[in-house]
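Order as written gives the chain letters A, B, C, D and E; numbering starts at 1 within each chain.
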C-alpha cells in the first residue's frame, strides 16, 4: 500500500467546483429552510451568486491562460484550455439567464413549476400543495447540477469521465422536465420519453466507448487519436465504436435521426427548462463533439464525413419540413432546433480549424435566441376562465395580433426569429456565416448550398409567426385572447438576450475575437 | 474476444427489449442490460490489455446505472400515479 | 474628410429610432419628423454631391474604410463612384416624395409612425447598399433590407398583403442565401485576411473558370431576382398589387436597382470571364423579360400590377445594356437605372393618388377622368409617356443608348427588344384611354383634382425627367467612367483569354 | 437669322408649355399667344431663308450646335440644328401653313372649351416638327419624330370623350411606333457601321459602306417612313386620324407630319443612293400606296376620310419619287410642298364646309354648297384643280414631273412604276372630282336643321392664301427648275434621263386620264342625283370603303392573336411560373405532413428510429471502410 | 480450459434468461431472469480476473438495482401481464431486424479482430482498484457523488409526498364530532351478562328493555346479535345449563 495523495490542480476547476458546490449547498438549503417562500429566495440568490462567481472565475482563468495553452488536471482526465473555458463561459451565461427564468413568476404569482412533483397532476393533493404555498425549489440545485455537468462535459478528455458528466447533466434534466406547473401530464410524458431515450443513447455511447477502448486500448481522447494511427487490424471495431460514441453526442445535440425526443420534450417540458435545455445541452454536446472529433477521431475524418453529411442534411431537411406544419409554437421551435442541429453539423465538414471559432459563436447566438424566444413564450398566456393569467398560449393562432398588444414582446420575438432565420444584423446571421465559412473551408460547399436551401424554406415558418404577430388581426371576441403577465425577471432575460442578439449581429468583432483566441486545444503529448 | 461477442449479443437483446416492450419497466430493464453488456465488454478488454482501466470504467458505470435507475424509476412511479399505468403506448399525446 | 456616407446612413436610422421613441402624444407628428429627416438627408446629400469630383467620376470618392469584423475579413468600407452617387441620389430624392405621397394614407397615429420609421430604416439600408465597398457589408445590408421592407409590405396595404410579403421575402431570401454561399466562398477564393471582402481586393482574382462561374451564378441569381428577370419576377406584381404605392415605388424604383447595380459593380468586376460566359443566356433572358413584361402589362387589369410588369420589361432593357458589354449600352443601362427610378416612382405615386380617390386599382373602375381632372390627366400622361420612353423625357435617352449601343454585338436582341416600344405605347395608351378618356364614368364626376401635395410629389419628378431628357449629359457625366471601367474589366479579361 | 433658327423651335415650345401651365386664366387670350408663337417661328424661318438665299453660290447650309446631348463615350451626339435648303424648305412650309392654320383655328375652335389646350398642342406640334426637320442627327430627328407623334396623338384624341376618337388616337400612335422600331434599329445599324448617328458622319461614310449594310439601313428607315407617312402596309391609322379637329387634319395629317417619311428618305439620300434595292422597295411601296389610297378615296363618303385617302395616295407619289433616287428627290419634295398647300387648303375648306353643316361629314348630305359658300367653293376649287394636275396649277408642275421620272429606268420598273403613277393620276381626278361635285354641286341634300353659311374671315383668309399658293406656287418654283437647284446641295445633281416613252406623250396621257376621270365624276356625281344613302356597291367598292379590310386584317393577324397571346401569358404567368413556385411551396408542406407520421408519439418507435439510424450509418461506414 | 467452460456457462446463464426480456409476459418473471443474468455476469467478471467487480455486480445489481425494479413492479401491480401483440405497425419486424442487424454488425466487426491477451497477471483486486480510484480517478469519484445526490434529490422530488394537512389533535377530532351532531355521551356498554361473550348481547335498561345502541351496528346488520331472551330465561332458570358457572 503505497498510496500517494494525488496532486490535483484545483484552480482551473474553480468554476465547476463553485457551481457543483453551490448545488450541494442548495440541497442542504432544502432541508434546513422550511418556508418555501424563503427557500425560493435563498435558492435564487445562491444559484445566481454561484453562477456569477463561476463566471468571474472563468474570466480569471481565461486571463491566467493568456498565452498558455491550458492546464491538464488529473493526468489527462480533464483539460482546462481556452476552448473549454469559452464553452463554460457560454454555459454560465445561459445558466444565469435560465435561472432567472426558472424563478420568474406571473403577475398572478404563479411559477413555471408545479407545487409538488410527486402527486398526480390535477389531483386534490396538488391543489392542497399549491394552497399551502409549496414550491419545488429543488429545481435550482438540480439546474446547478446540470450546469456543472455540462461544464465538465466541455473539459473532460476521457471517455469514461465523459460518460459520467453526460449522466450528471442528463439526470437533473430528466427530472426538471417532469415538473411543469400546467399540462403536467404532458410534462411527465416528456420526461419519460426523454429519460428512456436518453438512457438508450447513453448505453449506445457507452458501448461505443467500450469498443473504442477495445480498439485503441485507450480511453483518453487525445491518446485515442494517437493510437488510431498506430493500432491496426481493428478498424471495423474502431469505426463502429466511433459511430456509436458520436451518435450518443448527436443525440444530445438533437440531430436527426436521433432527434425524435426533441419535439416531444421541448413541448412537454416547463418552458424555462426548454429554454435552458435548448440552449445549454446543445452547446455542451457540441463542445464535447468537437473535442472528440478533433482530438480523437480526426484520423477517421474521411470515413466519418459521410455520417456528418448524412446527419446534417437529414436534420436540416426533417427539422425544416416538419417545423413547417406545426401548430404549436414550442414544437415548431423544437423542430427548428433540429434544423439548427443540422447547421451545427455542417461546420464539422472537413474538421477545419475555422469551425473551432465558428461553432462556439453559432451556439452562443443560437442559445441566446432560444432562451429569449422561450422566455417570451412564458409571457404569452391564455386568459384563464376566471379572467386571470392562464396557461401559456402555445397554439400559433393565439399569437395573432401580439404585435399590436405588446409591440416590445412581439418585436423581440421577431428579432429572435430573424436571428434563427439568419437574417443579417442579427447574431444568427454572423453565426450562420461563420459556420458556412468553416464548411466551405472544408470544401463542403454543396453541403452549404443544401443548408442554404433549408434556411430559405425554414424562413417560411419563422416568418409565418411574424406575420401572425404583426399582420393578423385578432377576430373580434375570439376566445384566444392573450394576457401578458408582467414578470420582471423574464423581461430582464428577454431584453438582455434581445440586446445581445442585436449587438452580436452588428458588432460581433469582440466576441469573434474571443472565440478565435479560444480555437486552440491543449493537446497533451504524454 | 468471446466475451465481447457475448456482450454484443446481450447489447442487441437489450436494445430489442427497448424497441419491442410496451411495459416501461421492462424497456428500462433492457437499457440496464445494454449497460451491463458494455460493462462486460469493458472488463473483457481490460483483461486482454492487462490493465485496470476497463474494470474501473465498469465500476463507474455500475454506480451511474444505479443513479439512473433511481431517477428512471421515480419518473415511472410519478407517471403511474398520474395515469395508473406504466404502458408506454399510453403516454403518446406529444406527437406529430 | 467628413464621413458623409456614414452620416447619410446613420441619419435615417437615428430618425427611425427617434420615431419609435416618441411618446404617444407626439406620434401624430411622425410624418412631419420623418419628412424633416429625409429632407435633411437630401440636403446633406446635396452638400456631398457638390464636393464630388465629376471629372473623376470613375474613382471611388468619399471613401471610408474601417475595420468592422476583421475576424471574417469584413470592413465598414464605403465609397461611391458616379454610378453609386446617382443611385443614392435616387433614394434621397424618392424617399421624401414617398413619404409625402403617403401622407394621408394612414389614419392611425401609431401605424403611421411605424410606417414612417420603417421607411426611414429602409432608406438607410438603401444608401448603405449603394455605398458599400465591401462585399460582406453589401450582403449584410442587402439582406437586412428585407426586414423593413417585409414589414412595410406585410403591415400596410391590401387584403393579400401578408401573402405578398411572405412571397417577397422568400424570393429575396432564396436569392440572398444562394449569394451567401458565394460570399462565403469568396473569402477562400480571395486572399483572405482582415480586409478579405473589400471589392478592390477582390477584383482581378485568379481562379479556375468553374469556380468563377459558380460564384458568378451565386451572385447573379440574387440580382436577377431583385431586378425582376423572367422567370423570377412573379413576386413583383403580387407585391405591387398589395403593398402601398409608396412602398412599391421605393421598392421598384430604388431597391430593385440593387440587382442591376450589383451586376455592374460586383458581377462584372469580380467575375469578368464568367460574365462573358453567361452573357448570351442572360441577354436572351433579358430580351424575354422585355417582351414578356410588356405583353403582361398589356394584359393586366390592376394598375399597380400593370406598372410592375412595365418595370419587368424595363429591367430587361437594363440587363441587356449591361451584358452587351458596350460602352454606350452600359452607360445607357446605368442611366436607365436612374431614369427608370424617376419614371416608375412617379407612375406608382400617381396610380396611388388615383387609388386614394376611389379605393380601387382596377382599370374597370375608371373612365373619362380627363374631363374631370385635366391636370392630373396631363401629369399622368407625361409620366406614362416617360415609361414608354418618349423622347424628351429622360428614360428615352437611356433606352435608346442601350438599343443603339448594344446593337453592334446583339443585333437580334435589340431588334426583338425594340418591339417593346410598340408594346410600351400600347400599355400606356390603353391605360390612359381606359382611365382618362371616353365618357365620364358615372359617380366619378366629383373626383378631386390634383392637390398641391400631389403636385409637390409628381411634378419635381416630371421636371427632373424633362431636364434630363434634354440634358442627359448632366447624368451621363457621372456614369461614363464607371461604365467604361465596367466594360474595361470584361474587355481586359477578354484580351487575356 | 440662321443662327437664331433655334428660336423657331424654342418659342412654340415655350408657348406650348406656357399655355398648358397657365390654367384657366389664360383661356380668353391664350390662343393668340399660340398664334403669335407660330408667327414668330415663321418670321424666324423666313429670315433664315432670306439669309440663305442671300448667300452666294451653293447653299451648303450650316450646322448650329447647341449643346452636347450625349457626351463622351462611344456614342457622341450633339444637339445641333442643320439649316440647309431642304430643312429650310420644310421650315417654311411648316411655319407658313402652320401659322395660317393657327389663325383659322382661332375661329374654328371658338366654341370649344379647351381651345387653349388645342393651341398648346398645335404649338407643341410646330416645335416638334421643326425639330424633326432641323435636326442634324438621326437621334435628334427621332426626338421630333416622336414629338410630332405625340402631338398627333393628342390632337387626334382631342375630343377623346368619344371612345372611338381615343381609339383612333391610340391607333395612330401605336402604328407610328411600329415604324419607330425601324428608326431605332436603323440607328443601331448606323452606330454599328459608322460609330455615329449624326448626319454628317453617317453620310460621309455611307459611300464606303457595303451595299448590304446600306440596304438594311434603308429598309429600316423605310419602315419608319411608312409608319409616319401612312404608307403601305402601315397606312391604316390615317383614316381614323380624321377624328381630330379639321385644322389638325389639315396641318398634321395632310401638309406636314405625314410627309415626314418622305423627308426622312430624301434626307437619307446618301444611304439610299448606295442601296438600289432599298430604293426600289421605296418606290414600289409608294406605287402601291398611291393606288391603294386612290381606290379608297373613290369609295369614301366621309369628306375628311376621302381627303385622307387622297393624302395617302399623294404621299405615295412622293415616296415613289423618293424611291427613284436623285432624279426623284427634288420632285418628291416639290410635290410635298405643293401638296402641303393645296391639301391643307382643301382640308380647311372641308372644315369650313363642316362648320357650315353642323359638323356633318357625310358628303351624301352635302350638295349644292357652291351657292352658299362661294369663297370656300373657289378656294377648294383651286385646290381641286391643283391636285388634279391641271396646268398651270401647282400640282401639275410637281406631279407631272414625278410621273415622268417614274418612267425613267430599265427593265420592267419604269413600266410598272410609271404605269401606276399614270393610272393614279386618272383615279385622283375621279375621286377628287367626285368629292368636289358631291359637295358643291348637284342638289342640296342637307336637312332642314342645317343652315349653311360662309365661314368667318378668320377662316376664309387662310383658305384664300392657301388657294393662291395652290394655284401659283408650283409655277413659281418650277420655273427654271428654281426649286430643284435650290435643293441640289442636299439631293445632289440629277443627270437628265429620258423616260422610256417620250415626255409629251406622258403629259398628254396624263391629261387625258385626268380629264376622263373628272368627266366620269361629273356625270355620276355632278349631273346625276346622288343617293343620300350609300348604295350597297360592288365588291370592289365595299373593299375600298373598308380600306381594303386593313383593319380586319390587322385585327385578325395582330390584334386578336395579340390579345390571345397576352391573355395566355397572363394566365400562364399565374398558373405556370407563379404556380410552380406556389406548388413547390405546397410540396414542402405536404412533405412535412408526410414526415409527421414518423413522429407518432411512441417512444419505442423513436428508439427504433435511432437504432435504425445507428445501424444504417454504421453499416455504410464500416462497409465503406 | 476452465475459462472455456466458464465462458459457456456464463453465456448460457446470460443469453437465455435475457431472452425473457423479449418473450416473457410477466414482468416479475423478466425481473427474475435479469437477476440471473446479473449473477451470470458477476461470474464472468470473476472469470475475467475481476473478482472485486463480480462482487460489486452482485451487490449493486442483484442486490440493489434489481430489487428496486421488483419493488416498483410490486407497486404498480405484480400481476400485470403484457400483451405482446404489437400495436405499432411494422415496429416488431423492423425492431427485430434492427436489433439482429446490430448484433450481426457487432459480431462481424468484433469477430474480425484478433487480439492476443497481453498479460494475464493483473488481477482486479480491491486494493489495486482502490489505489487507482483514489488517485487517477478521484475526481470521477467525486463527481459520482454529485450524481448520487442528484439521483436522490430527483427521486424525492418525484415520489415523496409530504403531509399536506396538519395532523389533527384529539380535541379537534372531538369537537368536529360534536359539531357533526354525534351524541356527546358515552355509548352504553353491551353485555349484561358478563359471564358470556357479551359484545353481541345488548345491555338492558333498568326496566329490562333492550338498549339497541349498546351493540355494534355491524353485528346487527349481520344478524349476529342476541336479543337477551335466552339469557333472561337462564336468569330465571338458573338450573339450566348456560355457562360454566363456578
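By our rule, contacts are C-beta pairs under 8 Å (C-beta built on N, C-alpha and C of every residue); 3 or more make two chains touch, one makes a residue touch a chain.
For clarity, every value in this text was computed on a predicted model and none was experimentally measured.
In this assembly, which chains make contact with chain B and also with chain C?
Chains that touch both chain B and chain C, as defined above, are A, D.
State the smallest step count from chain C to chain D, taking one step as a move to a touching chain.
1
Would you mind checking which chain's C-alpha centre is most distant from the centre of chain D?
Of all chains, E has its centre farthest from that of chain D.
Using mean Cα positions, find the chain sitting nearest the overall protein centre.
Chain nearest the centroid of all protein C-alpha atoms: C.
Could you find the two chains linked by the most C-beta contact pairs?
B-E
Measure off the straight-line distance from the CA centroid of chain C to the CA centroid of chain E, and report it in whole Å.
Their C-alpha centroids are separated by 78 Å.
Based only on mean CA positions, could you tell me how far chain B sits from chain D in angstrom?
95
With chain centres defined as C-alpha means, what is the inter-centre distance between chain D and chain E in Å?
Each chain reduced to its C-alpha mean, chain D and chain E end up 109 Å apart.
Could you grab the centroid distance between chain A and chain C? Build each centroid from C-alpha atoms only and quote it in angstrom.
Centres of chain A and chain C (C-alpha means) sit 43 Å apart.
Two or more other chains in contact with one residue: find those residues in chain B.
Within chain B, residues 4, 11, 14-15, 18-22, 27-28, 44, 48-49, 51, 56, 60, 64, 67-68, 71, 74-76, 78, 88-89, 92-96 contact more than one other chain.
Two or more other chains in contact with one residue: find those residues in chain C.
Where chain C meets two or more other chains at a single residue, that happens at 170.
By residue number and range, which residues of chain E touch two or more other chains?
91, 95, 98-99, 102, 105-106, 109-110, 113-115, 137, 140, 144, 147, 150-151, 154, 157-159
Throw together a list of every chain pair that touches.
Chain-chain contacts present: A-B, A-C, A-D, A-E, B-D, B-E, C-D, D-E.
For chain D, which residues are in contact with chain C within the complex?
Residues 20, 67-75, 79, 117, 139, 142-143, 145-147, 150, 153, 157, 160-163, 165-167, 169-170, 173-174, 177-178, 180-181, 184-185, 187-189, 191-192, 197, 562, 565-567, 569-570, 573, 577-578, 581, 585.
Within their complex, state which residues of chain A touch chain D.
Of all residues in chain A, those touching chain D are 192-193, 196-197, 200-201, 204, 235-236, 239-240, 243-244, 247, 251, 256-258, 260-261, 263-264, 303-304, 306-307, 310-311, 318, 320-325, 457, 460.
Mind pulling up the chain A residues that touch chain E in the complex?
Residues 1, 3-4, 6, 8, 13, 20, 23-24, 27, 30, 73-75, 77-78, 116-119, 125, 128-129, 132, 134, 136, 138, 141-142, 145, 148-149, 152, 160-161, 164-165, 167-168, 171-172, 174-175, 178-179, 211, 214-215, 233-234, 236-237, 239-240 of chain A touch chain E in their complex.
Given the complex with chain B, which residues does chain D contribute to the contact?
Residue list for chain D touching chain B: 596, 599-604, 607-608, 611.
Of all residues in chain E, which touch chain A in the complex?
105-106, 108-110, 112-115, 127, 131, 134-140, 143-144, 146-147, 149-151, 153-154, 156-162, 164-165
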